[in-house]
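Multiple structures follow.
Shared chain: subunit A. Partners: subunit B in the first complex, subunit C in the second.
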Partner chain A sequence: MTLISRISLHRKLILTISLICAFFWSVFSVSWDKDLFNSNGANTTFLILGSLFKPNLSPEILILGVKATFITLMYASAGMLIAIVIAVIFGTLGSGVLFGNSVFGNAIATISRSFLGFIRAIHELVWAFLFVSSIGLSPYAAVFALGIPYGGILGRILADILADAPKNSILALRTSGASRLQTLFYGYLPMVSANIISYTMYRFECALRSSAIMSFIGIAGIGYQIQLSLSDLKFDEVWTFIFFLVAMAVLLDFWSIKLRESMNIPKHERKKMNWVQISQVLAVFLALTTWIYIISLDDASFFGIFTENNLLFAKKFFSSMFGIGVENPAFLDIEQWKNAISLTIETIIMGVLAIGFTAVASLLTVLLASKNVATGQLTMGNSLLTKPFFYLIRGFYIFTRSVPELVWAMLIVFIIKPGIIPGAIALALHNIGILGKLWAEVIDEMDTRPIRNLQLNGANYVQMLFYGVIPSVFPQFLSFLFYRAEVIIRTTIVVGLAGAGGLGQEFKMSMSFFDYTNVTLLLICYIVIVFVTDFLSGLSRKIVKENSAIAEP
Partner chain B sequence: MKKFNLVFLALLSIILVVSGCSTKEEAKPKKEDKKVVVSDKPFKIGAIPDQSMADITRSMDDVAKYLSEETGLKVEFVPSVDYAALVTSFQRGETQLAWFGGLTGVQARNLVPEAEAIAQRPRDAEFKSVFITSVNSGINKLEDLKGNSFTFGSESSTSGHLMPRYFITEAGIDPLKDFDGKPNFSGSHDTTYKLVEAGTFKAGALNIAVWEKAIAEKKVDTNKVKVFYTTPDYYDYNWTINNVDEVYGEGTKEKITKALLNMDSDQKAILDLFATDKFVETKNENYTAIEEVAKSLNIIK
Partner chain C sequence: MTQSTAIELNSLTVNLERKIILSSLSFTVKKGELVAIIGPSGAGKTTLLNSLIGLNKTTKDEITISNLPLNKYKNNKHLAKKIGIIRQQFDLVGQLTVINNVLAGRLSDWGLFKSLMSLVVPQDKEIALTALKRVGLEDKIYQQTSSLSGGEQQRVALARLLVQKPEIILADEPVSSLDPARADDIISTLTRLASEENLTLFASLHSVELARKYFTRIIALRDGRVTFDLPSSEVTDELLNNLYELKEII
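Right, the complex of A and B next:
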């Protein structure tokens, strides 16, 4: 063993230990001693879960659901189109493939990447609040609020993929006299398009959920219906609408899988009516209907945003955010800072708790959710129970991840007392579905031979998990966990809006009381924790990668 | 793969072209409209979402219809999901007339100095909040709330948050520290009594009018929930009108005020939904006390 590998092993150990410590710290910072549940929480739980099995399927509700789903889909696609435009422009600039390795090129790349980093740090719902206050409640406020952070996320991925693309064929193009722009279109893009498209499809599924929670600023759609039914405590309707969300996610997932399958087949071997063609038609169709729909909405004139009056209000809003003409702005007030910092700590605890819950719950279920186990390939054993468990847990994953964190939070505050615990549980519920799926896919693709060896030598489930599966999938598991951690921290503010405490709740209060300088202060704290998390996560992923690279023969 | 790039490029151009064209088409006729007939612009009214959305939409659509008939304006009701969103839209001149609560009215008039509170229900001059709890909770006075879970309505509500918070604080209870957990914000008065009835929260505070209506319509079971404290009087709900004469013509404010004050038994259906038999005059000064309370609780700076 070389010195380097010793150090990196060491580092990995430190990383793992600090992760576990962070989780325990968060668990102990929350007061669990007082009874956690609302008085009568058991009954409410029963009521909510009971209506899960008898959703309201009356024709009016179903028709309402279809209409609302359509609206949600329209906003999601409109937002995605804007996101794609942002991603293509800034992602390409940020990748550095257009201007090469000059000082100018590097500067452009750095600026573009920081810009993308900033716009994706702020959650879409926070963007939405800011837009509504500055440009008014127009459908465009929701579309831009969706498009901007999604543009940031897609843009970063595009930049990363372009920068990491193999350089051989590009070099070949360059030497035969192609310009940099030409290498982009004929070299880079064809190489990375499959990757990009499959990631975009996944983001589209997320955009649907984001579009649903735009109800919080008053945009119609499935989230709006859920909110209305929730405030009347009609849980049977709530579940019906949630099933619409689930159905949308399943359909999109199906589309994405089919498209990927079809793209993996060489062109000349594809059937006449293949999914690549179908997808092209669908995409164009969606893009057209979306914009026709948004524009046909009442008052949704795009240039209406830029009227003199509107600019005046936007200016007013932003200057009050910066405390111009405000006596004693919050961000210059020690007391307010103390308050904001204690809320920030609360928010971090909520985030870490959520990450811990997610990791534990996914770890407990992931083996049963992997295809390898279900088919008996991994364990050789073909128990009668594995198949049903596989479908049950995969179904559970799809279900929990189809419901936005905000909606989970709104439901859970009926059961658990308002505070950071319901927030953490809401975040965890949504993320178990995502992390569980990602992890299960890692196991699906792992080398099964060592495990079968263990099995043949008489190892039981726990032994196989700890000596077989975990060591070989651990780096990738951690890497996905860090990636989700970034998302979870970014979303803590959103569950706070539903009464789960932390920065989010205070943000909503300050918006309601028109205390815009406090909004600024809270946003500063929020952006700092998002950036710090991104930084730590990036660092940790590097450590994990280093180690796994060494582990490979 | 090449095809895909083409599709993406095509998509991009379509977005740009489509959004470009249609907005141009739309923008033009609108401008002309403004110049030719001023009052053709819809006159938008709103209401704070303090009750179940279905009830509000029903009553406000009727108000819009009535005002259209009386004034000749094209009155439309625009629903709002959030108290603050209504105040913002009022500030931006997107809502011309709004049914505000005491606090939201003060916020709106602070943002639009020309705005004026023009009408209210007789009961709004002596409005109250009720504190409710389940019958066997053992809570009998405000001081007993210590150590129990509690829910307000919306954070922007006068009768569901501001005044109850004021009287709780007066009783020596710190709403941030002395409850069992943090106080909840249910969002609306209807949700508040439903949550207390369901036992989700031990106690809650809400608007007396909504409470009495719920009892009259048997929406709440008084065998399960009881009132244990009723606050002293304060000024609450009001119709506040924006600076409308400029856009809709001189005398619009007067016309609207008159129409509201003239509602009588012929508009019984509308008035019933507001739980009143008429609207009476009011003025901005009536709400100074509310503003003071909001300032003392740091809700208005």
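Right, the complex of A and C next:
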């Protein structure tokens, strides 16, 4: 037993301890005094929570909700179509399956992956701001703002899945004379399609939320209604619209589950009307209606974007972003840099706090949220009490994840004064739902045989937890946490837009003061922390992955 | 003398989903006996073993372990002192180190604090070391268990049993996922350790050769009934042919 291998054995422990330290650092870097809450925060809390149980269900509001939901769905579908096109082109190129392991092939793969990495690093709302500033408030601004980063995310997943596809059957195709392009259609795509489709469905659900928050740049939809009702302090309407968001997420989830079930049945055994067919029809229908809708919108002619006026405007915007013809651009000013860096640190603190809150809240609830525990299969204990908790917590997860971070932030700043803490809470609320669900599924799918055996060895409940459950699920838990951490850091800028401080708030201010060189500076800082987080997360996941087979989220 | 009885079955019947899996089984296993259960797939071997550890609820006093009816055992800690079980290698926690998996056999004796401490600094290390030496794995103490081969993992499971020190070892197809040479090796180690410690061994096996080679007594099950129960020296090829062939006729 060498020293190095002993250290490597404890690498996960060291990693965990550093995570906990980072969380405590962030907790102690913000002030937690009484000033935290708004002057009538307690009253507002009662008001908001009270109206949760009596949402406004009047016909006018419901009709408004249906209309707004339709608009949100249209934008989301249009954005997803663009995302799929980007993903198929750059994901395939980035996977390296088309050109093999040559210098040229590797270069293409690296360039494509970097491109995908760059476009997904910037949050869709930031893209939206940039588009609105350059081409004006057109529906296309929202559609492209959605499609571009989603294309980056989907493309990366497609590239990863293609690159990890089992090589044996591909080799067989190659030896029987298939070209690389043919192996793509006869080997790779059939093998990975189920995986890709279920991930795309999940992304579609996310796109609905992203589409909703496009309201922030003035696009209609369910988010816009939420924002209007919030500014009128009509919380009962806010909850009604939020329930529309929840319903959309639940319906999509249902569709996705049914589709996956149906895809697992061999073709000849499927029923005449099966979910694969229904999904195909639905997808074509959505694709057609969405573009008809967008084109039919006022002055949304695609080529209208490219008028001379607009081009001039876009040129002016980008040149001022790069500081051309600007006196003393922000990114050459030391004072501005100092300001930006302190905002960056603030943003990191907000992100780490959010990750910590998410992890703690998920840890506290996840055991009760797993089927294994609810049915008493894992603990072989009494299941009478655990079942209601299971439904309660799963319901809570669905609810919190259906509401975008930005909407949580807009609600929370009514209670807590704008700043880092409400931002972190908003980020955490949304992510508890996602992480909790992912973690609960890990427990559901774990091998229960070792746990049973521990029980036969005379272990009690806590011993079974520490010797069986935790070691089995821990690597996967950490892996999912890092994956969420990447998303959380990327989204810090968005809650900042709602007044939660950090880079986002400053970004919005600079945008409205037309201080575009400062926008550039802030974006540089933002992209740097997103990339550093991605790098650290990738490294940590590699450490966690050692010796344990882990599925990527 | 009653003291020497390890397992006593008194017309044990088990129904699962309205199907009779075991019908009216009765036999006695004396302390220190090495008993192999053989029989075709679906004969009820696993159900029998699961019943012995209380996984199938038996209402009456049909099963007696070390002179105490099974339903009189207070909890799993109490039963763990009497019975230890070994199955295919899926019973170990792959992410733990070898020593922690072995020391899991001590969990019934340890308090909460000691068991948590042991995950960081292994406790009662000497006991684990002795056990690992006896199964020939003293050089892999700190390896992650999932990185070991199937045969090695089964040795870790054996070492855990040595640490747990039960009076009876139940083995459910302990070698069915190993190649013949390794299977022979594990069964010979298992029977050797059981004889050395004067433990009762009650093992279900696919391999008739291993059963005849290493066990003192063979019980054959078919369709939930005992077809024969003989010392291994008296088990003839004809009996075995009947046992496995009859199933195809039915």
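Here is the rule we go by: the second predicted complex is superposed on the first by the 522 of 553 C-alpha atoms of A that agree within 3 Å, B and C clash if a C-alpha of one lies under 4 Å from a C-alpha of the other, contacts with A are read in each partner's own complex, and residues count from 1 in each chain.
FYI, contacts are C-beta pairs under 8 Å (C-beta built on N, C-alpha and C of every residue); 3 or more make two chains touch, one makes a residue touch a chain.
Just so we're clear, the structure is a prediction, and the values are computed from it rather than from any experiment.
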- Looking at the overlay, does A:454 come into contact with subunit B only (first), subunit C only (second), both, or neither? second
- Message: Tell me the contact category for A:475 with respect to subunit B and subunit C: first, second, both or neither.
- Response: second
- Message: Just checking: does A:467 make contact with subunit B only, subunit C only, both, or neither of them? Give me first, second, both or neither.
- Response: second
- Message: Tell me which partner touches more residues of subunit A in the superposed arrangement, subunit B or subunit C.
- Response: B
- Task: Classify the contacts of A:280 with the two partner chains as first (subunit B alone), second (subunit C alone), both, or neither.
- Result: first
- Item | Contacts of A:51 with subunit B and subunit C, given as first, second, both or neither | neither
- Message: So in the complex, the part of subunit C that touches subunit A is made up of which residues?
- Response: 53, 76-81, 83-85, 87, 90-97, 100, 104-105, 107-110, 112, 115-116, 119, 141-142, 144, 146-147, 160, 164
- Message: List the residues on subunit B that touch subunit A in their complex, please.
- Response: 1-5, 7-8, 10-12, 14-15, 18-19, 22-24, 26-27, 30, 52-53, 80-85, 87-89, 91-94, 107, 111, 149, 154-156, 180-188, 190-191, 194-195, 198-202, 299-301
- Message: Can you tell me which positions in subunit A touch subunit C when the two form their complex?
- Response: 1, 5-6, 9, 447, 449-450, 452-460, 462-463, 466-468, 471-472, 474-475, 547-548
- Could you please specify the touching residues of subunit A with respect to subunit B in the complex? 34, 38-41, 43-44, 47, 81, 84-85, 88, 132-133, 136-137, 185, 189-190, 193-194, 197, 215-218, 224, 227-228, 231-233, 276, 280, 283-284, 287-288, 291-292, 295, 301-304, 309-310, 313, 327, 413-414, 417-419, 499, 501, 508-509, 511-515
